[in-house]
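Each of the next two complexes has chain A plus one more chain, namely chain B in the first and chain C in the second.
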Partner chain A sequence: MATRETTPGAILPPPRMTTGKVGWIRNNLFSSPSNGATTIIVAALTLYLLWLFVDWAFGTADWSVIPTLGGTLVLGQYNSDSVCPSNDCFWRPQASLLIAMTYFGILWAVAATTLVRGVALTTAFVAAAMALLPLPFDEMGMDVRLLLVANIPAVFLGRWLGRNTPVGSTRNLIIIAFVGFITVYFLLRGIEGVPGLYPVPSRFWGGLMLNILLAAGGITASLPIGIMLALGRRSNLPVVKMLCIGFIEFFRGVPLITLLFMSQTLVPLAFPRDFPLDEVTRAGIVITMFSAAYMAENIRGGLQALHRGQTEAARALGLPPWNTTTFITLPQALRNVVPAIVGQYISLYKDTTLVFIIGMLDILHMGSSFIGSNREFLPHSRELFLFIALVFWVFNYGMSYVSRRVERNLGVGER
Partner chain B sequence: MTNGDASDNGVEDIIIARDVHKWFGSFHALRGVSTTVKRAEKVVILGPSGSGKSTFIRTINRLEEHQRGEIIVDGITLSNDVRNIDAIRREVGMVFQQFNLFPHLTVKDNITLAPMKVRHIPRAEAEDTAMGLLERVGIPEQAEKYPAELSGGQQQRVAIARALAMQPRIMLFDEPTSALDPEMIKDVLDVMTELAQSGMTMLIVTHEVGFAREVADRVIMFDEGMIAEEAPPNEFFINPKSDRAKLFLSQILH
Partner chain C sequence: MADQPRGILTYQGIPVWRHAVLIQWALQIISAIAVVTLVVWFFSNVAFAINDRDIPFGWNFFGRSYGTPVPEHALPFNDSTDSYAYALLVAAVNTIILAVAGVILAIIVGTLIGIARLSPNWLLSRLSLVYVEFFRNVPLLVQLLFIFYFILVLPPITETYNLFDVLYINNAGIAMPQPTLSSGIAPGLGWVAAAGAGVFLGYTVYKLRNRREIVTGAVSYPLLTGIGTAVGIAAVAWVAIWAMAGDTPLGLSIPAPDDRFGRIEDGLRVRSGAIVMLVGLVMYTAAFIAEIVRAGIQSVSRGQTEAALAVGLKPVGVLRNVTFPQALRVIIPPLISQCLNLTKNSSLAPAVGFADLTNVGITMTQTAPAINIFLVIMLAYLAMSLAWSAVGNFYNWRTRIVGT
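And then the complex of A and B:
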């Protein structure tokens, strides 16, 4: 190759073969004969597997099992004849979804970041798009589709509220979340004697709705509880410290399945006999505590990783311990453990399928019990479980994506 | 509580240390340190590493707890009484070797946080003060940046501004230039010299002999947890009395 003379000291672009698409392929896929061979073999294998899958998915597979199950996957037996006579309970989960969407809208107005906007709009449009699916909505009536489509106006209503009313302050957001959760709970559970709110015992709640309810409750509550446990474990007060260690070690040391069993037998003992604590709430409490124990250890790890100088600087400025935690150490610790926190959230969401152990039918066990009682679909259980896996994956990938974006946004000025 | 009017209480000796002892486990780090610092005095503390000089200034704002003896800062005796500790920390600003800025806050927020949370100064006023201080240390244009975006010298000047924002009567400097590249050191020392001329009481642990000779009223040399020699800078650097000081000076002055 002819070498052209260069002027000493001139700023030159890098040699062509090291950049651009060709350069990338050379460097990463064919950097040596053995690497080239590996690339070709792996690519061939991948294409072959992909071909097998496509051939199955669009050829032999029969996806009709999914529309057959339809809304049952989403709501379980909630709207079935035996649970809800005259089948008009369907609007209640729908209305709950609308409340959640409105809340997302408020968050969008308050946070004013593209990320929150993306999450709010995506969720609203996905919910609305469900109205277009060929699911057997006919038996549920037209109003169901309308309620689904209403998620889009709901999110914009939330944004309007967030911008034009004082609902968006941190304190109000917490209050609204709390009130919203209670409202949704009573909306779903129903109230004896109130027309339109025919009581639906929580053991009949099911499907994806159950997974989402348990996960939403767990995700919201386990972070603050985890923070308190982590701080408690680092406390100088021996009693507080011992209590927190005991709590954390108990909930981490016992399998979740055992805890779920105990929730049905032992937890009621802690409450008065007539205390209205139903199966779902009990399961939710146990899942939250389990998750909070892990969360606490993640956060404690984040706190311990901080340089001692941070606390010293805050103390030297005269900041009292409480302010030092709130403004200096905790924000940094939380930021450092965002990946671990989201990992815990994903794990929590997947663990909600374990409630089958106490007889509740979440989306996964809704599917398996359907296959069990409708043997003609047995050959197509693969399609059904693949679909359910996809549903979980979409949610978890969503959380994972949000987490990466949050990490990047918070990375400003890091070290 | 003495807050804002302590200068009127007639205390001439702003720091009094009497027979201060400190142990780390079984290691005897401070072995009976006694000295007195007058208002507006500049004291440079020298000594080999491990001699207890940093430990001593850290006992003054209770980052280290002394186990025997007595420390009185601006008329307040250091004890386990939390109110006294808080009161003293409001009087005493500190600058660290590693800057210890808060990496998750902007430069401006680093400076305004403590005045707003501890002294309950409104945000607008705190920000005005912060900008004034950044002006004074020569980097007002960096106010909205994060610490990681600044050079070491700029970070240390922010740290000085952050300490000054609490309007302390005493400033402690723990090797403020030891972590800096040579060309950054002068910027920081200039700020400290200006501060010294403004009449601040300063205790400075440093190896910068030139600075010590220019600014210090007195030099204290620590060795093995004790004060080995205490003298005005000209006397100390030109004609040290103790053999320990002579040896030390021959090592740092080449």
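And then the complex of A and C:
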């Protein structure tokens, strides 16, 4: 009986490692010669660019332009000598922030999800962390810092209110939001004759505060308007349908900047001279309308994607048309287009920078007018605009992160 | 028992106030009246205010001579004689050129980034993710201003970057060589026509040999022969026209610094505003297009890729011949809406000083009625939007699924 000797050469080497760090690198970076070559070229290029950036950021770059601008980037001229004579208006935007944080706390109590808790606590702690900014104390006083830290108790106050008072019901949330907006508006604008509320006309509102205000108003109002427009466009009443199509297509067809110009030249003519409709409100309304038209198309997409059977089943069960919409089709449609809605919110927030072109004092205006009047900072304008870009990036990336989490919580694409 | 009268008001015995059709029509008429009243109220107030507050209004500025330079103009423009209407046309052409160039470049860059996002190479796909997440989440205006100031701190004209004496880059813009019709219009256009015919012929050859390769399996080098045909015909035409006319069909205008002031003369000089707009719009829109391309390719079922690999196609061939053509149906409609967005976003040009429609319009408002100018500009943008929608509708009509 012949037995075969195993010769040393016939023993195959063990298969290539596919687990662990080495295996991961092999699979993802060097799976084939061309892949390996790509990795080496891309890595070399990335490292070179990264080196250029680090060399610039920690070498030639002079970041002092940002602390020099300091508070004006956030508030514009709101607290300057010419607008607020005794420089004690800073607490009003900060109180508005506290109101917003309290509202977030109420939302946390009502919605009671980890996500809302996360959003409320993160924003409050980020705002509070601003108190630790390494700015000199004559730039950013102790009172400013304390009011920033107060954002954390404000969230918990809101949560307590939401749990223990009638404030915390879904229906009341809308009323509170409305009351909150009015309060913030009068807080910021001031009231003639009331001590401590020295009037600050809205044309002096500025900085990041203006961008956030315009975005907050737009985000709150554009969703309901968009829903109404979307339902109107799908309605089988010809007149309503034509009106909605006309509105949507007009606002989607022209650039926002031309609409903003019209809001400053044409719209004031339709009102009496002393009508209390200021520049900022007009710009806010136009931005909201513009956004609502896009929002309507997103929601219409969600409505169209719903199976006809949903409506038919609801009608067969005897639900009247209105209830079919509010309880059956709309919730499902909205759930399916959460990413599109948040995407629209992000572009709304980005679009608030356009008020710069019509001469409002938003964060971009503060930045570029500072560079314009202090030519010695011209070589360091890159630092300033990179910083502004990062500020917007953090907000928007946060929003898209929340949107992905909402999507997962609602189980989009799973059911 | 007498029959009930079955008029519309008592249809099936439903009282008037609960009659669905009547309620609907009443609502529609009320909403129509409300909207019409609002619009009439708005415009009659505006008309009254125009008279009352002496707001400039009227259309006769169109024929007046504009008298202000338009910095960039693709059409010839003489600022002392040409009218407002013509200046608006020049500006609209600038917008269209910017939009078309931006759309072409953004589609190329965006598609490459979108494909890189799906690359099996981890580093490449992460880098594209970083690109997309950064450029999507920063306002376009911030990006434009960043590039604007970036160019502004480049060396001035007197210390211009000089690449091989043909390319000059400084804080005023960029200057590069440009083909010209220096030796007469007839030979130049003749060669362009011949080259165009060559490209067409080359494409036909490519199609035919490609089909032959697919049908018979014979190796036919379709791409190589196609490009060869096109280049060959263009080269033969070049030599022939050179021999006949005694001069090359097209000249080349090379930029060079002026002796006295160091100003760059000749060549194609692009001012910084146009560069800022083009670069900014392309980088921003490319991030959105990359996401559209990625989603489109991912929407093609995995089975298609696996089947294509199983029949022996290489990964590049799978993408080119199987996945991408199927993904196009999903990609094109949102892509068209991005093209429309790019066109509308080109209206941010006033911030960086490029003479587009909006910028020229804003300049005009100092010497002509602002309301009229902006009405015209809005109409122009609406027309451009409609043009893009028409492209989208045409594509949807071409690729509709027939006969289901």
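Here is the rule we go by: the second predicted complex is superposed on the first by the 375 of 415 C-alpha atoms of A that agree within 3 Å, B and C clash if a C-alpha of one lies under 4 Å from a C-alpha of the other, contacts with A are read in each partner's own complex, and residues count from 1 in each chain.
Heads up, the rule we're going with is that contacts are C-beta pairs under 8 Å (C-beta built on N, C-alpha and C of every residue); 3 or more make two chains touch, one makes a residue touch a chain.
Because the structure is predicted, anything quoted here is derived from the model rather than measured.
K.L.:
Kindly classify A:11 by the partners it touches after superposition: chain B alone (first), chain C alone (second), both, or neither?
P.N.:
Once the two structures are laid over each other on A, A:11 reaches no partner at all.
K.L.:
Could you tell me if A:238 is touching chain B, chain C, both of them or neither one (first, second, both, neither)?
P.N.:
Second partner only, chain C.
K.L.:
Please work out whether A:31 is in contact with chain B alone, chain C alone, both, or neither, and reply first, second, both or neither.
P.N.:
The answer is second: A:31 touches chain C but not chain B.
K.L.:
Have a look at where A:43 lands relative to chain B and chain C in the superposition and call it first, second, both or neither.
P.N.:
After superposition on chain A, A:43 lies in contact with chain C alone.
K.L.:
Applying the document's definition of touch, where does A:354 land relative to chain B and chain C: first, second, both, or neither?
P.N.:
Second partner only.
K.L.:
If we overlay the two complexes on their shared chain A, which of chain B and chain C does A:381 touch? Say first, second, both or neither.
P.N.:
Touch partner of A:381: chain C, not chain B.
K.L.:
Determine, for the superposed model, which of the two partners chain B and chain C contacts more residues of chain A.
P.N.:
Higher number of touched chain A residues: C.
K.L.:
For a test of understanding, state which residues of chain A touch chain B in their complex under the given definition.
P.N.:
307, 309-310, 312-320, 323, 327-328, 331-332, 335, 410, 412-415
K.L.:
Quick one: which bits of chain C touch chain A in the complex? Just the residue numbers, please.
P.N.:
Residues 24, 27-29, 31-32, 35, 41-43, 45-46, 49-50, 53, 55, 119-124, 127, 133-134, 136-143, 145-146, 149-150, 152-153, 344-345, 347-348, 350-351, 358, 362, 365, 370-371, 374, 377-378, 381-382, 385-386.
K.L.:
Taking the complex as given, what residues does chain B use to touch chain A?
P.N.:
61, 63, 86, 89-90, 92-94, 96, 98, 100-104, 106, 113-114, 117-118, 145-149, 159, 162-163, 166
K.L.:
Could you list, by residue number, the parts of chain A that touch chain C in their complex?
P.N.:
For this pair, the touching residues of chain A are 28-29, 31, 35, 38-39, 42-43, 46, 237-240, 243, 250, 252-258, 261-262, 265-266, 269-271, 346, 350-351, 353-354, 356-357, 364, 367-368, 371, 378-379, 381-382, 385-386, 388-389, 392-393, 396-397, 400.
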